Every structure is written in structure tokens, then in C-alpha cells.
Amino acid sequence: MNDESKLKKATFGTGLLKGLGITMRHMVSKAVTVQYPDEIAPLPPRSRGVIALKEENCTMCMLCARECPDWCIYIEGHKERRESRGEGKRAKAFNVLDRFAIDYALCMYCGICVEVCPYDALFWSPEFEYAEGDITRLTHEMERLEDWMRTVLPPSPLDDGAKGPEIKSAAPVVPAPAAAPAAAAPAPVETAPGPPPAAGRPAGMSEAEFVEQRAAAGRLVRQKVYEEEIAKGSEPRIAEARSKAAEMRARKATLPETEPAPPVTPAPAPSRPAAGMSAADAAAVRRKVYEEEIAKGSDPRIAEARSKAAELRARKGTKGPGG
Amino acid sequence: MVTTLHHILANSIVLLALKLGILLLLLPATLVVGYVELKVMAHMQHRLGPMYAGAYHGWAQTLADGLKFIQKEDIMAAATDRTVFSMVPYITMLGAALTFVVIPFSRHGVIANLDIGLFYALAVSSISVIGVLAAGWASANKYSLMGGLRAAAQLIAYELPLVLAAAAVAMQAGSLSLVSIAEAQRYVPFALWAQPLGFLIFLAAATAEVSRTPFDMPVAEAEIITGAFTEYSAMKFAFGLFAAEYIAMIGMSALAATLFLGGYVPLLPQLRFVPGPVWFLIKTGLLIFLLIWIRWTFPRLREDQLQKFAWKVLIPLSLVNIFVTGALKLAHWT
Amino acid sequence: MQQVVFGIVAALIVFAAVRLVTTRNLVHGALYLLAVLAGAAILFLLFLAEFVAWVQVLVYIGAVVVLLLFGLMLTRAPIGNMALDSQTRPLAAVVSLAIFGITSTIVWKTFKGQTVHFSKPNTVDTLGRAIFSQYVLPFEIVSVVLLAALVGAVVLARKEE
């Protein structure tokens, strides 16, 4: 027992002194506290603060509402019909968004809705100061969600060597001549800050030269975009982020991704020969099927749906189920 | 005693009032030390500490805390023994504040230069043990009772090394009067040449007497919620525990500074132009900072580790210290 | 002046002592004992025996009463009043009054008319010299008794192995 305590005493002091040294070192070094609300700690660009909605991209596919684990997204909309563009062409129906609300009292900021949206209508924003005194005001409606789009940061530039996202464009890609990148520089920023897609390198230019050319083009684009953004009045960090993104896009010659693709105008359906009946006949078919269904005792809505389907098939001349 | 009292009164009531005024400084001193502790603690934990109360770096934080305590409700359980419960803060404060009667701020700046000053200081610091026991019992709370018993056990265990280390100093200086002890360190403070071991023992014992980490098992704030004083709220808590603890800490630091660092005596004769009280404050401040530093560095000892340390380590060491001091003194080496 | 202080302290001691034996609450009793001992310390101060006064505080108040309270709280921890009356209360009162009468008569008759002159406080110096020269034998015997008590306490407190 004596030896044990003596042994303990031998090394008794060094650990204590080391500990004292550590606290002293901490005391004299600068504190890491950020005094909120007078100062705001810088947040990383992918911080999840609030979800913003870009209404024009939303097609009411309901994927976000379905995938939300908390069921906090409320979407309402209706279908409208566009005028038919011609004889035998379908009057295209499209969705109109009436209400898009996210209840932030329920939202758990998992980001599944943003990930799952196929049309890039939802974006993350690092804005977090939207606390309310009343819980009902935590349900943000469409106008407020649109508002948050102002605070969305452009995506952080990709790391070197990373492949950008593949976005297939409608128009075929034309290999541009060597002069294209330079010509693309003065392109207006609003639409597509980037050269027309130059997928392949022109013959007669080595790989290194091509890469160098694209890099130079990228730098020009970056400078231009930065100046434009500052002139527009954006914050420096946003301007810098946007210009960097533009440069990356120019170098990799991918399509722009911050400006989400304008609502994809559906390619006009290939016209078919009007093998079906005329409009008046089709309407008659519709009424007939409707009365049949009602007589059978179906729900009025089902009857209406079936009659409509029958009318369409009649006009197109396709066969229905069972001929 | 009659003649002394007559002497004082005849001499100057103002002088007496000034001397007793030292006691009035104790509360503001508590506020300052409390604020210093908060700030030092914070910076050692790499943060800022109070920044808000009072415009500049939260200097009024402890003052704001005091005002907050004043307006709190004084809660007493139905089964509490009210007389004893209310008496406890007085006892703890008494035990803490009476030390200052003998501590010299300068050659003549002491309320009463008792011939047995050192002994008196140690005797009054043992009064607070009763306070802790009574607090634990009067709270009508069995956990407070156990906390009080453990606290009292710790306090009486560490009184011994405290007294023995101080006894070695008295041997070294040849007197029990604190002024004489300070004067005996005119050339070199005891901590540096004759009593290094005694200094360490006294510091450890003093930390335990004040129930500060690493010996704060009785008041382990985060764990047993201040043990014996759990049921105390508002001013009883603020005075009886909070302020009394800080005053006791200042008192022990002042005592240690006088015994081992030389009190009001300048460290070097060349620096004599700095007045005595300033030296005293510097040395006491240094020891207070050391106590705070130790508190926020080390984890706390368990009750049994604490007791083992007192009885098996500190007391034998202090006895050895007395022996060596005596031997060296006899051989005229010191 | 001295008589006045003595009178006040003596009255307090008597009051505390009476309450000590008549209280029903054990812990209150211990605290009244504390008051009695503190009064005794003040009396020592009045007689210029400073060292003894503070020894009284350190040992009696700081250790003996603490021990008493420990014993109370570790064994019975009475919270509230207990019936401490025994049947012999009247007899005890008579006996104590008789003892009080006899002792005070003896003291009064012996010391009546004498005055004590205190020249200077009894320093630790004189006390120490007296202990180690004149009273060294009692000192040694007391030390041995204390040692025996300490060893006995350790033996009693050991766990049976």
C-alpha cells in the first residue's frame, strides 16, 4: 500500500501541470463564440434553412407531398385545357397550381422533397430567421415560398474532376468552331450565361489546346458574370458564387442549371391521321356512354370519366377495352 | 479587555470605523471575484462569458444576479425547522467573514493585530462546519442530510492538514501573529525557500475547506444540486452559500498569501514604492486566480478518494513538514 | 464594563443551558450546547485567556458539537420533537437545584471579596513554557490517553474481515 501510494505520488504532479497548461492556453487564445444576434456565424452554402419554391417549374406531380415523411406539404391545383392547335390535335391539359404550402411546424428539414422533385422546383436556402409567435404563421404559403427564392444561393461549384449533372437538351448539339467560345462571351446574362454547347473539340486542335481554350473562355465568362451581378446589386458572395458557377459551366460545356429549364414545352404530339370520328360524333358517343354508365348505376364521376375517355378514343380512332 | 476597548474608543472612533470598513468591502469584493470567476471560467472554456449585463463585457453580471436573488421567493418546506434553517446563513457567513479581523493589509492596516492571529483565523474557519450540518438537517430532506454529513466529514478531515501546515509556518516565523509572520518574510517569502511543501499542503487543504473543485463533492452543483443547501432559495442561498463561499475563498487566499507569500511585504526591496496593500491585493488576487484555475481544470474527487487523500497523504506530509521545519530551525539553517 | 458584559453572557449561558435540558428536539439541544460553549469562550476572552478561548472554539465548537451532531444525525436523525421526558423529572430538578445551591455557596464563600488583576493577556509563550516545563508529565499522560483513544477508534471502526 505504501509503495502504491508512493508510486502515485511520483507521477502525481505532471498530469496536473499538463492540465493546468491546457486551460491556460485556452484562456489566452481567442474565444470562438459568435455573439448572435449581433454577429451571425457564416453558414455553409448548403445549409438547410428554409425551402423555397419556384412556381413555374412545379407541375403538381405531388412527388414532394407524397415523399414527405411528415406530410407537411399541402398542394392543391386544378387541370386546365389549352386550346387545341388544330384539327385532330388534342386539347392539351395541364396542371395549374392553386396552393402550395409547407408547414414548417412539422417540417423536419430532411430535404427529401428537394431531392425528389424532378423539375427542380424546390430549393434549399440558408435563411433560418423566420420564427413566429403564432404556430399557424409557420405554414408558409406560395407567395412566401416564392419570396424565399431570393435567398437561395447558386449551387457551389463542382470539385475538380467531377462530372456535372447530365441534362439532355431538346436541340441536337452542334460542335462549335474554335471562335465560338469567344463569341459566346458577350452573350446576355439573363438567358444562358454560357457558350452554346460545344461538346466535341474541333479537329485540328490538340486536347491540351482545347482545354486551355475552354479555360480561357471560362475565365472571361466568370469576369463578365461577376461584373454583371455586382452591377445588378447582388451581394458579393452571391455574385462570386454565380460567376464561379458560370465559369464551371463554360468549361464543362453543360447546360445551365441555376436557371431551371423553362417549363418544358411539350413537343407537339406527332399528328396522326384522323382515323377516328369527327368531333360531333365523338360527342354523341360520349353522351351515350355516360347514360349507359349511369343506367348501370356507376358513380357520376366515374361515368363522366369513362364517357370522356370514350370520346377521346372515338376521336383518335383507337380501340377501347373490349373493342 | 476593558482597557483595550477604552483605549480604542478613546483613540479614534474613526480609526475603528475605518478598520471595520474592511468588512464592508467584503460584499463588493464578492461581486468582483464572482465576475472574475465567470470570465476566467469562460475563457478557459474558449468562450466569452457574460457580455450583456452592463454595457462593457457584462461587468454587472454578478450585481444583476444579486438583485435577482433579492426578488426571489424564499421557499421553505412544511417540515423544515424554521429557526435552525434561517440561522444557518448567519453561521456560514460568520465563519467566512471573521477571518478578516486579523489579516493585515499593511503593517498597521489590520483590524486587530492579535498575538494569536493565526490560531484565531483557523479557529473561526471551523465554525462554518456547524452551518453545513445544521443546513443539511433543517432542510427536512434526507438527501440534504446526507450531503451535509459528507460535507462536514470533508471539512473536518481537511482542517487537520490546514492547521498542521499553518503550525509549521508558526514554527518558522516564531510567532502566531500574522503581522510578525508577514514581517518574517521581509527577505524571502516562505513559499519559495522554507515552506514549499507546506504551501502546497495549505493550498490543497484550503481548497477543500472552501468546498471548491476538486473537493466540491459536497456542493457538486451539477450532480447533487448543492447537497446540504438544496432547499435554500433567494437570499438565504445567495448569502449563506454563494457569498459565504466566495468570502471564505478570499479569506483563505488572503491567509495563504500572508502565511506563505509575505502578505503586504514587497517581493523585492527595490519595489518598495508600491504600497503594502497593493502588494497584498496582488498576492491574494494571484491565489484567487490559482483557485479558479484549478477549479476549471481538474475533475472532482469522489468522497472516498477525498478522504483518503486527506488522511493518508496530506496529514503524513504535513507531519513530515513540521518535523523537517523543526529540524532545520534547530540546526539554524533557516 | 466588564461586569456588564459578564452579566449578559452569563445570563445567555444560563438560558441556553436551561433550554438545553428542557428541549424536546435533540438537534435543538445540540445547538443550545453550542450556545453554552460559545458563551464559555467569551468568558475566557473576558479573563484575557485568548488562546484558551479560541481553543475552546476550535475544539469544542468546531469538533465536539460537530461530533455530537454527526452522532445524532447518523443514528436517529430526529426531524421533529421527541418525547424525552422521563419519570424522574421532578427529582432531577430538585437534585440539580441542590447542587447549584451548594456549589454557588462554596464559590461565593471562598472567593468573596477577592479581585484578580490581569496585567497582560496570557500569551501562548507562557502557556507553552508552562506545559513543557512544569506540566510536562500531565501533558505526556494526556497524549498517551489520546493515542489510546485514536487506536481504539480505528480498531472499532475497522470492518470485520
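Chains: A, B and C, in written order; residue numbering restarts at 1 for each.
As a working rule, a residue touches a chain if its C-beta (ideal position, glycine included) is under 8 Å from a C-beta of that chain, and two chains touch if they have at least 3 such contacts.
Quick caveat, the model's predicted, so the values are computed rather than measured.
S.K.: Take each protein chain as a node, join two nodes whenever their chains touch, and name the resulting shape: line, ring, star, complete or other.
M.R.: Line.
S.K.: Any idea which two chains share the most contacting C-beta pairs?
M.R.: By number of C-beta pairs in contact, the leading chain pair is B-C.
S.K.: With chain centres taken as the means of their Cα atoms, state the distance from subunit A to subunit C in Å.
M.R.: For subunit A versus subunit C, the centre distance works out to 88 Å.
S.K.: Roughly how many whole angstrom separate the Cα centroids of subunit B and subunit C?
M.R.: The mean C-alpha positions of subunit B and subunit C differ by 28 Å.
S.K.: Per the centroid of Cα atoms for each chain, what is the distance between subunit A and subunit B, given in Å?
M.R.: So the centroids are 66 Å from each other.
S.K.: Under the definition above, what is the set of subunit B residues touching subunit A in their complex?
M.R.: Residues of subunit B touching subunit A: 40, 42-48, 51, 293-294, 296-298, 312-313.
S.K.: Using the touch rule from the top, collect the residues of subunit C that touch subunit B in their complex.
M.R.: Subunit C reaches subunit B through residues 1-2, 25, 27-28, 31, 34, 45-46, 48, 50-51, 54-55, 57-58, 61-63, 65-66, 69-70, 73-74, 77, 79-80, 121, 123-124.
S.K.: Which subunit A residues qualify as touching subunit B in the complex?
M.R.: Its residues touching subunit B are 5, 9, 16, 19-20, 22-24, 26-29, 31-33, 35.
S.K.: Using the touch definition up top, name the residues of subunit B that touch subunit C in the complex.
M.R.: Those in contact with subunit C are residues 1-2, 5-6, 79, 81, 83-84, 87, 114-116, 119-120, 122-124, 126-127, 129-130, 133-134, 136-137, 140, 142, 145, 148-149, 152-153, 156, 159, 176.
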